[in-house]
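Presented below are the structures under discussion, each in the form of structure tokens.
Next come two complexes built around chain A: one with chain B, the other with chain C.
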Partner chain A sequence: MNGVEIKNISKSFKETKALNDVSISFEQDKIYGLLGRNGAGKSTLLNIITNRLNADRGEVLIDGVSAWENSDAQRKIYMMSEKVLYPENMNGEAALKWSREFYPDFDMDYARKLANDFGLDLKKKVRSLSTGYVSIYKIIIALSVNTPYVFFDEPVLGLDANHRELFYKRLIEKYSENPFTVVLSTHLIEEIASIIEEIIIIQNGEIIQNDSCEHLLSQGYTVSGSASEVDKFIEGMEVIGIDTLGGLKSATVMGKIEASSVPDGIEIGKLDLQKLFIKLTNEQE
Partner chain B sequence: MQISFEDEKPIFIQIAEGIEDAILTGAYVEEGQIPSITEFSVNFKINPATALKGINLLVEEGIIFKKRGVGMFVQKGAVEQLKNKRKEQFFDHYVKNLIEEAKKLRISSQEILRMVERGFDE
Partner chain C sequence: MKVNAILKFQLNEHKKGIMIYYFVMLCVIILSTGSVLSFQGVEVEFTGLEIATMIFLFVCGLNGFKEAFYLTLQNGITRKELFKNRLLMVMILATFMALVDELILNLLNVLGSQIQNFPISGLVEMVYGTFFSTASSGMILLVDIGFKIFLYAFALSVGYFIRIGYYRMNKSQRIAVSVGVPIGLTYVLPFLDTMLYQAGVITTPYSLIVLQGLAWMLGIPSQNPIMAMVSFFALTVIFSGFSWLMLRKAGIKN
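Let's turn to the complex of A and B:
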């Protein structure tokens, strides 16, 4: 099967279980959101996929072939990670050329064009760049490698609003013209909500949601109105969160609501991905 | 054309309605080319599959047609077709609700007509 398949992966660090029997797959040419709170296990999972960590149990298959110590399989993947792994004195231009050595389909002209769009000076040493420009530098490589699978781990770290916008636009443009598998792991959920097609939520080393974005958001509603009306209406429903502001109440409920059963004074709204994420991953119940 | 992520309507419906509006106002002319899926999705920062879903609604209705390898165009007669469709929707959305509310308030049809005329004059 084409795609990246993660099968029954477990990983512990000393006493801590970082991943517990995780199985998911990233299909060809889809955009995924990989979401989780700090320490949920996202980076551990990404590091296992790219051979930077060895799993205790389970396996990762890339296009049906084991990814472990398999450089042909690894060349199909590009991981934009948090760490900068370039030598001290290497400037931007030299580092791009180095990327081309490893990824044969690397598009040098496109990379230079992106550097220009983002205002990145390729003569500067990579190690001397600010946090934002380090992110930009890594974004440029990730968008130019032309591998079938590209993972973005916190791609917009330190980027201002203009550069974030530019990144999302270039990503969509690239994907639309030449589809590839995109996995976005980020804390800025709202910004990617309309871009991702599939959503995976990881919590305490386990997958708690793995669904299409559209389907997940159709699984529930927000119910708002005066506190007493809302309480009456949501009785017996699966309520996953409640916000109150003075006498107003807004409840997040899962399940179907018959339009005809909604009384005056109660307003039904659609679920918002960020709110749903917060409710699903909030442990201080 | 604007897309609101707060709107209750799904994004693909908003895309379809946005294109309809642009055709009705003459921004996109009959037999003229409309932007590509890539342009729509980049502009609104949405997944291309969502843009495609919205445009396909219009293709099914015969408002938009695709020329392979060239692009997407507004069908001849699209404006008239859209006007008729919007008139039907106008009746369903506005007139039916108006009458329902009027019945609650015991406003007669004569009175409604006078109000409508007043509205036009203002």
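Let's turn to the complex of A and C:
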């Protein structure tokens, strides 16, 4: 099968079970959101897929071939990790040069263009860059390697709003021109909600949700209006979150709704993904 | 043929260090020659180049793990591929340094023959004097270069082995080894050795047996430098083997 298959992966660090019998797959040319709270096991899972950690049990297949210690399989994957794995005294220009050595399809011109767009000085060494620019440095390489599978672990760490916006824009452009599998592991759920097609939620080392974004978002809705009207309307419903601002109220509700049953003064909107995430992860606590 | 990227990176990692090392050596040579020429009666003996290079390469071995390992993981290269190229890099670097050192010693020998009070000696010549006085010049050259290659490969392998060992250990293990090994080797073992010998438990001190064993391994009593080459090669294989055992399942650390 083409794609990345994770079969019954388990991993422990001393007494801590980081992953427990995890089985999922990442299909070709789709954009995934890998969501989970701190310490849920997201980075451990990505590190195992990319040969950086050895699983205690289970296997990872890339296009049907075992990924562990397999250079041919690993060269189809690039992972932008939270941790910087480039030498600290390496500058941006050298990092691009070495990336081209390792990845034959690395697009040097595109990488330079991205560096210009983000305002990254390629002459600067990694150790002299701020957290945001270290993320940019890694984003540029990840977007230029042209591998079929690209994993982003906390890609927007330290990035300001403008740079985050630019990153999502360039990612979508790149994907539209030449689709590839993108896995975004992040805490900024709302920001990626409009980009991702599939959502995988991991909690305490186990997959608790693996569904299409569309299907997940169809499981509930947001009700807003004056506080008294909203309170009246949501009575008896499964409410997973409430926001109040002055006399206005917004409630996130699970379930389906008939458009005809919505009274005047109440507005129905899309389900808030972040609220759903909080509900799902709290349920598993 | 495109040189494997990880081999190229590992060689590149040491390029600057090697240039600085030989620049320092050049300064030492110029200073020594200048002293001999400037001050009458001053004798400067130029020895121990191989030992200096050995120490330098040991330090290179100590520094040559983490960055290459992390870059390997970042770029989809397997540990096996990294290690294979590491061995290749060790041989390339050891051979290069051996040839440069041999060239330096030969040039200095020519210079020494023109200047009074400037004797030059290589390590093999100093330790294996009998071999030097009996073997043919071709054999001497071959052994001289071979000895250096195996000595330098050994130094690189030991440094690399120690570095991976430290990488795999946790903090308390690192402290235990850093404190325990020097104390054990310099205080505990000599103390026990002396105690047991003086109490008549052992008839020959262990330290003497170890020294005799080392001398035998290096072929010093039989004045056989080839024995030393074989020993250095065997030790390189052993240390590399242990390094591989530690590397093959090494993972990223947070």
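The criterion applied here is as follows: the second predicted complex is superposed on the first by the 231 of 285 C-alpha atoms of A that agree within 3 Å, B and C clash if a C-alpha of one lies under 4 Å from a C-alpha of the other, contacts with A are read in each partner's own complex, and residues count from 1 in each chain.
Convention: a residue touches a chain if its C-beta (ideal position, glycine included) is under 8 Å from a C-beta of that chain, and two chains touch if they have at least 3 such contacts.
Model, not experiment: these values are computed from the prediction.
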Figure out whether A:Arg75 sits in contact with chain B (first) or chain C (second), or with both, or with neither.
-> second
Determine, under the contact definition given at the top, whether A:Trp98 touches first (chain B), second (chain C), both, or neither.
-> second
Is A:Gly269 contacted by the first partner chain B, the second partner chain C, both or neither?
-> first
Determine, under the contact definition given at the top, whether A:Thr50 touches first (chain B), second (chain C), both, or neither.
-> second
Contacts of A:Ile242 with chain B and chain C, given as first, second, both or neither | neither
Thinking of the overlay built on chain A, is A:Ser176 touched by chain B (first), by chain C (second), by both, or by neither?
-> first
More chain A residues in contact [chain B versus chain C] | C
Residues on chain A engaged by chain C in the complex (per definition of touch) | 47, 50-54, 69-71, 74-79, 81, 83, 85-87, 98-99, 101-103
For chain A, which residues are in contact with chain B within the complex?
-> 31, 165, 168-169, 172-173, 175-177, 193-197, 214, 269-270
Provide the residue numbers of chain C that touch chain A in the complex, in ascending order.
-> 5, 8-9, 67, 70-71, 73-81, 249, 251-252, 254
Counting only contacts in the complex, chain B reaches chain A at residues 5, 8, 10-11, 37-38, 41-42, 44-50
